[in-house]
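These notes open a run of structures that come right after.
Below are two complexes that have subunit A in common, paired first with subunit B and then with subunit C.
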Partner chain A sequence: MGKVWAIAVNTFREAVRNRILYILLIFAIVLLLFSGAVRELTFSAQDKVIKSLGLGAISIFGLLIAVFVGIGLVYNELDKKTIYTIVSKPIDRWQFILGKYFGLLLTIYVNIAIMALFFYFALYWQTYTSEAALDRAYAALPAGESLSWLSYLGFLGMAVLKSSAQAVKTFFFMPGAVTADLPPVVLMTALELAIITAFAVLYSSFSTPTLSAILTVFTFVIGRTNEDIIRYTWVIERNGLDSTMDVVKYHGAQCVAHVAPNLKIFFSNTAYQALSDPPVQYDRWMAYGVVYALAYSGMILVLAVLVFRRRNFK
Partner chain B sequence: MKRRIAALLILILTILLLGSMVYWLQDRQISRIQYARPLRDQLSLPEPATAKILALGYDNLVASVLWLRVIQVFGAKLHHIRENPRELAAIENLFNVVTELDPRFIEAYKFGNFILGDEGDDQEAALRLLDRGIVKNYRRTYIIPYEAVFVTLMSLKDYDRARFYVNLAMKAPDCPEYVGRMLYYIEAEKGNYEIALERWIREDIENFVENDRNMITVARNQVGNIVTQWHTSLIEQAMDRYFAIHQDYPARVEQLEAENLFGSVRQVDGMRLVQLLDMARTLCAEGKVTVEQAVARLLETVDKGGAILESPRAPRNLDNEMYLLRHPLPPPQQGKPEIVEPRNGRVYTESDLFAIRRRIEEFHTQHERYPASLRELPGMQPAAAEKLATADAVGYPWLYDPRTGKIWSYNFPEL
Partner chain C sequence: MPAPSRRAKLTETGRTMATVVQTIGLTKIYTLDFLDVEYGRIKLRLRPSRRQRVALKDLDLAVEEGEIFGLLGPNGAGKTTTLKLLMEIIFPTRGSAKILGRPLGDKWAKSCLGFLPENPYFYDYLTGREFLRYYGQLYGLGRRERTRRADALLERVGLHGAEHLPLKGYSKGMLQRIGLAQALINDPRIVILDEPQSGLDPLGRKEIRDIILQLREEGKTVFFSSHILSDAEMLCDRVGILYGGELRAVGKLSELLSARIREYEIVARGLPEAVVREWQGRADRVLADKDSVMIIVRTETDAREILSKISNGATLVSFNPRRETLEEYFIAQVRGGANG
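Moving on to the complex of A and B:
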């Protein structure tokens, strides 16, 4: 495992030098921090809108990082011929693939962690600097006295400290009232991206970056619409499998739905329920998601190792 | 050479001809463009089921973005909605898409009901949206069926449907008690005065026993109102009969009696009822009689028959009820609830909520469950030394979810 870890750390170091990563991260953080401005655009359901925008941003930017950083992982090694120096060392190819995968996953998770922290911070910041909080600050003053600029700075400073503390607590699964149901949603997003990253590594092991990007995005789309593909087969079946084309379409769609990942597991029972009031318990679904993500990404990685083992570097 | 020139000329002519045609078509189209963009152009969306597939799982995100969009469009354009009824279909689809993407977006159902029903004057469209919400949030929240109650009751005057929605709302765990009282109102509106009266008498006694100050006032006023409504309807019916005979209305009530137009009716001795109600409250509070027994005894004041003026009580009854109508009876004990400024109300409510939440947590620690009702909390019981507020500062009862132990105020939901 030491070799896998060494490659993973190197992959992580290489990824954090990628400018695309920083552009995406900065864009995501700006979006998350300014999600508070959305409050002004809606007259009710502010919290729900802000949370769904924030969670959506974390998922989308996580996906973009997985695609844009992951697709060139193996290809770049081949293109720059650095693979020769690696394979000439006592490192198996499976160790190389696993190292690349965990390196990329580490990169994505660090980014998700940063985005989640900023998101939680933004949510708490809005609470601690709300009109109600300001009212309380005024109420604490002696009668007739107004809030000086120094006191106001102190109020803001306290808000920063409290928001940061709450964000860190939430990150470690000790959420307060504002972020009560959000950590499981972020966790499920991370699990979903583990599968997508495995696919990015698989595609990168045998194709070009452009093709890998297209295939990874396609896999994501199919994964997210997996259950609709099954519903489509029901429609075909209900209309009758009369022609050969219908039979082909039916079995083809059934095959895709059974083989492609079902990414709905990771969002349908978390985000909805986290944002609904009253929220619903979903522990069982989380356990299911963890097992599914481990099994599926493990399977794809084994496939990637198989493909990569047969690859000729000449 | 000549052929090349001819070919060039033909090409130029063709370009000019096609160009002129395109220009004419473009100009025709441009002349049709209105300064304001039609709403349906801005709100055109696929069918809800298709939109759900296209959202690729970012359902909440897309629903929120569409929600922001509809608010902006409403502010800018939708005030013309009644002048453009064709736009309603697009708006209905928009809300269908938002709620299909996020079926638990309660605000979307409420706002959709407002736009389609109140602004668009299409109550059936509003009910279609609310019905979808009720199905998707069955027994989750009372809010959507409660919205439907108002549409059916106030706009459509469809009391049977209203009763159906109240019953649905009452099945939700977060349903506050006042929602059930809509049934009494519905019964009265339907002309089932005796049922409505029985319910309000029961409310009056029960709330007296539980020392709910606000509800004591409400129930007592409603007893008076129901009696007044009941007698007014009797007089109106008699007046209609009089009009059918004389093509004119009577100058005095006695004229109705003289022609025996009241027929055989049921009526209430209002004064006696009020006196007995005061007595019944005390007896029930002392535990000497049950609420059931008290209600049954009080309903005996409903006269079982006879013409309204044949009874010696009749003229006095009418006067009593008119008095009750003009002078609602004050609550017998603590006086009216305190009237508070909104800003102070918020502070008081927050403080009350803090105390109750602490009690709920203590209860949870002791019993390893949340109280099934707030009345289970020690401070909510009539005999408690340290009393907790039973309503927020504005007088609305608390909203409480026994599954999660969450409590919040209707008027200050952000607290």
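Moving on to the complex of A and C:
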């Protein structure tokens, strides 16, 4: 296990020293911080819109990191022939694949954590600088006096401090009122990305970065629309499997839907169910998500190892 | 082909020598293949073409403990293929090999090996020190031990002072040296080097040569491939010559190269015009410029005669009896192979 860990740490180090990661992360943070601006643009359910936007941003940027950082990881080792020195060491090839996987996952999780922190911060910032909060600040002033520049800055500074403190508190699973429903949702996003990362490593183990990127995004899209594909087959079936084309379409779609992961498990509950009333039973939902993610990514990694284990490196 | 058994023999010094690397009918046939996964008879292929290339054909080779063995041959002869097969970077089409008596892929055997690939390219985002420590970790070395060895090796390959630079900033020679260091991080019994001197300047080549000689002093076996014959000639106890994927010759240099003197090369200054003209007809070659002349003759008598002519104002610049060089032997072998 020490060797898997060594490769994982090195993979993490490679990703952390990669410029693409920072560009993606900065974009995500800017988006998250400005998600509050949506407040000015929406009339109702502002809270819901902001949360959906933030959670969506975390999920999409997590995917982008998996794609852009992940796809090249195995391929580069083959392309630059660093794999030659790795396989000549007393390690097994499965250890290499697992190390790459966990290294990439570690990178993604650290980034999700950073994004989640900024997201929570943005949410609390909304609360602490809301009109109600500002009104309260006014009310505290002696009658007739207006808020001076300096005390307004003080008010904002306090908001920053309080938001940061609350964000950190929420992050370590002590949800405050504003974000009570969010940590499990972020966790589900993390589980979804565990599956996507396994696919990224699998594709990267036998194809070029561009092809891997396309395949990974494809898998993500099919995974997210898996239930819709099943619904589509129902429609075909209801209309009757008359022509050969219908039969091909029906079985083709069935096949794709059953082989591809069902990522809706992790998603359908995120934005709207997290905010639903009454709330979802998180425990059961999460337990199912954990089992599904472990089983599915385990299966994909076994496949990646089978491809990689007896592969000739040119 | 019968498989030669693992043998031990007595050397002149009375030390027993064991075969540490042995290949038995090792064969590799390449095809253009995008997937290229092999499980014995089950093969996963993605082949746009059926064309095949035999990279290595029935190689039977034995490297003895403690020697420097050079695998020589022109580009595309199968040298790198041989080493890649031994390191399990690729898998043989036929045949097998043993390292320290164990089959390929054996973990213990791998932990006794050090390997430097051709034109190494390493993780350029790591510093020299981080890189060596990472590889030490892959051998399961403890934290303190790998730091100690990394520092000692950086010193040994002359990279002291560059250990905190990322490998991105290393020159080709520095990369070759850090590559050699990573091959030695586990204090291996056998060091396998693929073209360790290619692409280096004369100074860099000498440094690598010195390290290889040191390794032999320490009792390690060095098995390397090269197409730089002069270096191989200086280093190797034994050589194998590969051409077109086949082993053409193997043995001690002194056995392969004829000991007799092939020709005498005399360079003199101020030799009388008449003498030069006379030898232009008789000698093998005569090269004259403004003030000096080089005469190459085949026999000792001819050489003595020329030397006797060097008097009264003429001076002998150099006298050089030449034996067959590895290069000449090599070219003869390769030509022979190409014709036959």
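The rule is short, and it goes like this: the second predicted complex is superposed on the first by the 292 of 314 C-alpha atoms of A that agree within 3 Å, B and C clash if a C-alpha of one lies under 4 Å from a C-alpha of the other, contacts with A are read in each partner's own complex, and residues count from 1 in each chain.
Operating definition for what follows: contacts are C-beta pairs under 8 Å (C-beta built on N, C-alpha and C of every residue); 3 or more make two chains touch, one makes a residue touch a chain.
Bear in mind the structure is a predicted one, so any value in this text is a computation, not a measurement.
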item	value
Which superposed partner A:263 touches (first subunit B, second subunit C, both, neither)	first
First, second, both or neither for A:311, with subunit B first and subunit C second	second
Partner chain(s) touched by A:139 [first = subunit B, second = subunit C, both, neither]	first
Touching partner for A:169 - first (subunit B), second (subunit C), both, neither	neither
Touched partner set for A:13, first subunit B, second subunit C, both or neither	second
Which superposed partner A:249 touches (first subunit B, second subunit C, both, neither)	neither
Residue numbers on subunit B that touch subunit A, as the complex places them	53, 56-61, 63-65, 67-68, 71-72, 102-108, 110-111, 140-141, 173-174, 346-347, 401, 403-404, 406, 414-415
Touching residues (chain side subunit A, partner subunit C) in the complex	2-3, 6-7, 10, 13-14, 17-18, 80-91, 206-207, 306-307, 309-314
Residues on subunit C engaged by subunit A in the complex (per definition of touch)	30, 33-39, 44, 84, 87-91, 107-108, 110-111, 113, 115-117, 119-123, 125-126, 130, 134-135, 137-140, 179, 182
Interface residues, subunit A side, partner subunit B - complex	38, 41-45, 48-49, 52-53, 55-56, 59-60, 132, 135, 139, 220-221, 224-225, 228, 263-264, 267-268, 271-272, 275-279
